[in-house]
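By written order: A, B, C and D. Residues from 1 in each chain.
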Amino acid sequence: MSHNSFGHLFRVTTWGESHGPALGAVVDGCPPGIRLDTSDIQTDLDRRKPGQSKFVTQRREEDLVEILSGVFEDDRIRESHGGQITTGTPISLMIRNTDQRSKDYGDIRDKFRPGHADFTYNAKYGVRDYRGGGRSSARETAARVAAGAVARKVLNAIVSGGVTIRAALVQMGPHQINRANWDWDQVNENPFFTPDAAAAAFYETYLDGIRKAGSSIGAVIEVVAEGVPAGWGAPIYGKLDQDIASALMSINAVKAVEIGAGFDAASLSGEDNADEIYARQDGTPDFRANHAGGILGGISSGQPIIARFAVKPTSSILTPRKTIDTSGRETEILTKGRHDPCVGIRAVPVGEAMLAIVLADHALRHRGQVG
Amino acid sequence: MSHNSFGHLFRVTTWGESHGPALGAVVDGCPPGIRLDTSDIQTDLDRRKPGQSKFVTQRREEDLVEILSGVFEDDRIRESHGGQITTGTPISLMIRNTDQRSKDYGDIRDKFRPGHADFTYNAKYGVRDYRGGGRSSARETAARVAAGAVARKVLNAIVSGGVTIRAALVQMGPHQINRANWDWDQVNENPFFTPDAAAAAFYETYLDGIRKAGSSIGAVIEVVAEGVPAGWGAPIYGKLDQDIASALMSINAVKAVEIGAGFDAASLSGEDNADEIYARQDGTPDFRANHAGGILGGISSGQPIIARFAVKPTSSILTPRKTIDTSGRETEILTKGRHDPCVGIRAVPVGEAMLAIVLADHALRHRGQVG
Amino acid sequence: MSHNSFGHLFRVTTWGESHGPALGAVVDGCPPGIRLDTSDIQTDLDRRKPGQSKFVTQRREEDLVEILSGVFEDDRIRESHGGQITTGTPISLMIRNTDQRSKDYGDIRDKFRPGHADFTYNAKYGVRDYRGGGRSSARETAARVAAGAVARKVLNAIVSGGVTIRAALVQMGPHQINRANWDWDQVNENPFFTPDAAAAAFYETYLDGIRKAGSSIGAVIEVVAEGVPAGWGAPIYGKLDQDIASALMSINAVKAVEIGAGFDAASLSGEDNADEIYARQDGTPDFRANHAGGILGGISSGQPIIARFAVKPTSSILTPRKTIDTSGRETEILTKGRHDPCVGIRAVPVGEAMLAIVLADHALRHRGQVG
Amino acid sequence: MSHNSFGHLFRVTTWGESHGPALGAVVDGCPPGIRLDTSDIQTDLDRRKPGQSKFVTQRREEDLVEILSGVFEDDRIRESHGGQITTGTPISLMIRNTDQRSKDYGDIRDKFRPGHADFTYNAKYGVRDYRGGGRSSARETAARVAAGAVARKVLNAIVSGGVTIRAALVQMGPHQINRANWDWDQVNENPFFTPDAAAAAFYETYLDGIRKAGSSIGAVIEVVAEGVPAGWGAPIYGKLDQDIASALMSINAVKAVEIGAGFDAASLSGEDNADEIYARQDGTPDFRANHAGGILGGISSGQPIIARFAVKPTSSILTPRKTIDTSGRETEILTKGRHDPCVGIRAVPVGEAMLAIVLADHALRHRGQVG
């Protein structure tokens, strides 16, 4: 059952609300013997952390992760590994909430914000923790990023040569980057995680206008995994692309996912869409295109795995919107407070984390069935 | 674990290969007391059946379903219900393969068809049933449609007023329908399951050209569920949209899924994307737009649920493509035989079935947790 | 979810009723490349088959298994393996029911047989297929035995030296065998699957008396797996002994399960219960006792895995018992028809099958996490 | 997947080691709107807490539980419910370890204690947190008890009249209680949780002798659930008794589980074992015996559910035992430190917790499928 868990052999369960004392993840099924320190996780968390530029929420959270279980260090391990290692038992990760500012929630307590989960959580449960969105807050994604950092370690431990998973913002509002400018090194050089320096300069002005207007805008993120061997995935209902779609669509505010050519594949002919295969010297396939996004029949082909997902604009804006209150009366609401004018920006490390989790799970599943 | 199963409380497991003796589905968790006869299933199967027009594969299959378990009829049931009913135990559905024509598979036995799962199945398992694609064949979707028909019965038994699930082809190649012409009644009046009669006329000529050229083309399908009450779904990793994405991406040849505004949401401002809410007389929400596609925070809002998915062109074409053989040598392949010039057409009933399965599962899950 | 499925990576789903057209199992997650022919399965099925002696039900079923999917044979495979092999896709196994004799079920249609599942199925579902017990019939165990035969093949393919799984009847009614007489070769030499030839002679007379009186009696079965390497299992909720307990308790009419010393461990001191360890020449442990039954902390120790389970007497007897009818009125019932005076006898191959399934699942799970 | 999780709709995941900073449980799937305060949980935890008499480990742990997520309180809730309530999102429970005394673990670091999981954890993972047994320590059961307290609240919220779950020690070493003396009120009046005051007096002397000798002894615990309605459970692989067997066998040191008559059922005739049914005035069944332990065909009958489990003596004793060290050399070990002479005593509240978890899960599963 998967209300709050994701994955099978590598299984992540998250918990916590935006304004509760803490949030966290339990990572079960991690192979033993992998070096894991908080610093491995903190690096990824810091990329997602709020308050790092004027373009993301000004909530101040250190997002310091604690590892509460599943790792061990003794003298012999220190000698052979240089630090603590995973033991194969569940890894409990916790991040304290420190800046909740929860005193004043009058309006969102009684009114349903359009585009948010307020109405639907209420419809489902009859009660909701309205403070900062409660469980539906994007704050939950900190737990994903922490778990994703563990997944990366697993992949690098299992796959010779390692697996590199990177994401980038490729569209903000209607403005796509110029793919000719793609430079992965740029991604961490601008506050938008975009690989196109020229686009970054443009987004700076563009998003500042949106921010000042109290508005918001959507984005498209691309995630790429390199180094995945051929053969991961499973037929029919355990397809690798299916699980990637599930993983990415589970991120807050995501409304669309595509693999490889994605929606453009609908417009292609069979001739153009078939990624022709040549042989390398060792007889392994040398694909000359990657419309498939690295996945055929739900199973990895050895090519880079490429996925994109669309993040809607946050619904927290300063312009009043029509809505109803919890008594069913018509009213208006505008959302003050600390929010992201383009919530898609912080989805970049989250997308990486979710892809890492899917791949770690499939790495173990493949090894289980096929050896 | 989900190699060949989908869903949790309403759980579908499929089995079978394209050229084996049969294929089928085991539907577990179906509520008891629901009338279910083969005719309920056959109707949906007949819509997906091959050989119904020149635009789909000419393989001749009757696709007659047998119900091998999970239903019962005796005198008292016959009196009160008029037929057999589900008993709550697993429903085993079987469809015999009759037209396999498997004598000649020389070329695909030894060569990997680009765009097909030949190479990846081989990379994973070291063996593959190459006859007609084996397990990776779209023939498996017959089992999905059969299970989906059961899911529809469940939804109609549980939801007062019923749930209507319909799909339509909205784009073939680069050619979108005109949404102003949308007429659900048209969908079953043309061989393309398109709701726009004018588009149907155009597609007739367009696809005939593609067919005669031995080429193929992609498509986009839209699936809509009406009547779903607010409150189905689950937070975080059991999101309704996430499970829909998973379900639709699991269909053969699907490369993209979107909910509501989907990728277009990236270009929208928060003001435009927020579906404003007015009150009906009874205090329930009257949404004035549906960019959300009926799902907020992973939970249904009571609006129609709207999803779209892109189907790539089938890779079985008459133009030779470069590839390698199982020994790693370069060669060429062209795929003769009976294939769909636009495999997206037959994905229309499959998309309906998968959405029905997701909704039936979430209906039961919601009832389990919330009552 | 596990209404009708068992296992995770090696996952068995069964379906079918006593008097429906067929019953079967879908085995998902089987590693590829394992030789599998119907004869591998039929051997085990034949041991469980009804009608083989006067001590088991006289229902006449051939119990011929069909493999409908998941295996493949072509010229190259035939050359290298000598027959068909598993492909890694789901293996669908079907057994037709042929001797249902379902004309006359008047009494059990309207009355609840004490000790049977009649009342509880009715209480749960509001409907039940009363013919021969429907889904609750021990006939379902044929599907378990078929799936268990596949599990054996997996274990022998994965574990060097193979895994031997054998069961035997060690108690009938209050009469235990003499363990000093234990001879595995005897098990298939008598109709009781007992390893003690002297006990077999006694049981012959004893059970004949019970049979002629229209009565029934319980039994205890012991199952032993040899060759399981140290390290299978998982901590806490995936314990090997826990899954064995679950597997054996899921067999019809089983009321108790114990591992190693079992209930006797309650009476032991820590000194007596601790299986002392000496070293073999290669430094591996040489346990001098096996109170643990081969499992410590939920993980296999490399010793033989030993489990026992108690099977209650079948409740189908010729002596009238007080009961109520479906209208809640008091009445009496006696069960005519073909039944087992000691249903525990036929549970012997079923116990083997369930242990094989647990072990195959854990073999793959272990390999997945630990490599 | 169930390495460290139990249940489906009501799903408990535990984490933590004996000598790590903390341990905990994430309870997912809890229905919303149920009052839940730490005091509800603390009561049960206090019964399991170490250090309460000379007969249990002298480790000093307050075992204070923190609820980190999944509950909410605001003014309106306080008015209508009088405190915080569950929200339907995951409930994270954490218990800090405070008295680890981990300085000196020389011996168990290098030697495998016979009867403990030392050797098998090492065989599986190649590494183990040897401090206090790490993950295999009975300390993990604190998390079970905390989760079980939530399960009780769920049962009482769902079942009209409530469900009462109680356990008692019915045998210590070879000494069974006198069932004629059974008095539930006695259970919390003696340090052994036994319902027989005379037995308690005897055990006092008996166990003191064992404790002083540095030895240990096993026990049998009986768990009873009253108030469970007929109809919970599922056929075949989701049987209520199967899940109870799994739950109880997953408790540390448990080697046997039985339901109702259990192993004694093997000695019974069909006549004696059939619990005859009379009718109450309202037509519901009035069973005159309960050999079935409240479960028929895996589904509850409405009678009390009765299970028993055997707990082996702890292997931590002062008498040296032969063993090997991590290098495979023969040696001896004796276990100093704080241990339970009869670890079965503290298993009493753990057994209650596990039965509560199974029942809560099945309550929701039943409601999901059948409504």
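Rule of thumb we're sticking to: contacts are C-beta pairs under 8 Å (C-beta built on N, C-alpha and C of every residue); 3 or more make two chains touch, one makes a residue touch a chain.
Computed from a prediction, not measured in an experiment: that's the story for all the values here.
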Which neighbours does chain A have in common with chain B? C, D
On a CA-centroid basis, which chain has its centre farthest from chain B's? D
Looking at A-D and A-C, which one has the bigger number of contacting C-beta pairs? A-D
Take the average of all CA coordinates in chain C, do the same for chain D, and state the distance between these two points in whole angstrom. 27
Cα centroid separation, chain A vs chain C, in Å, comes to 45
Counting only Cα atoms for the centres, state how far chain A is from chain D in Å. 38
By the touch definition above, chain A meets two or more other chains at residues 1, 3-5, 8-9, 14, 29, 32, 88-89, 124-126, 135, 235, 365, 369-370
Which of the residues in chain A end up touching chain B in this complex? 1-6, 8, 14, 112, 114-117, 119-121, 123-126, 135-136, 140, 171-174, 210, 215-220, 230-239, 241-246, 248-250, 252, 255-271, 273-279, 282-285, 288, 291-293, 295-302, 310-317, 319, 321-324, 327-330, 344, 365-366, 369-370
Which chain A residues qualify as touching chain C in the complex? 1, 8-9, 29-32, 88-89, 158, 235, 364-365, 367-371
Residues of chain D that touch chain A when the two form their complex: 1, 3-5, 8-9, 11, 13-17, 20-24, 26, 28-29, 32-33, 66, 68-70, 72, 74, 77, 85, 87-92, 94, 109, 124-129, 134-135
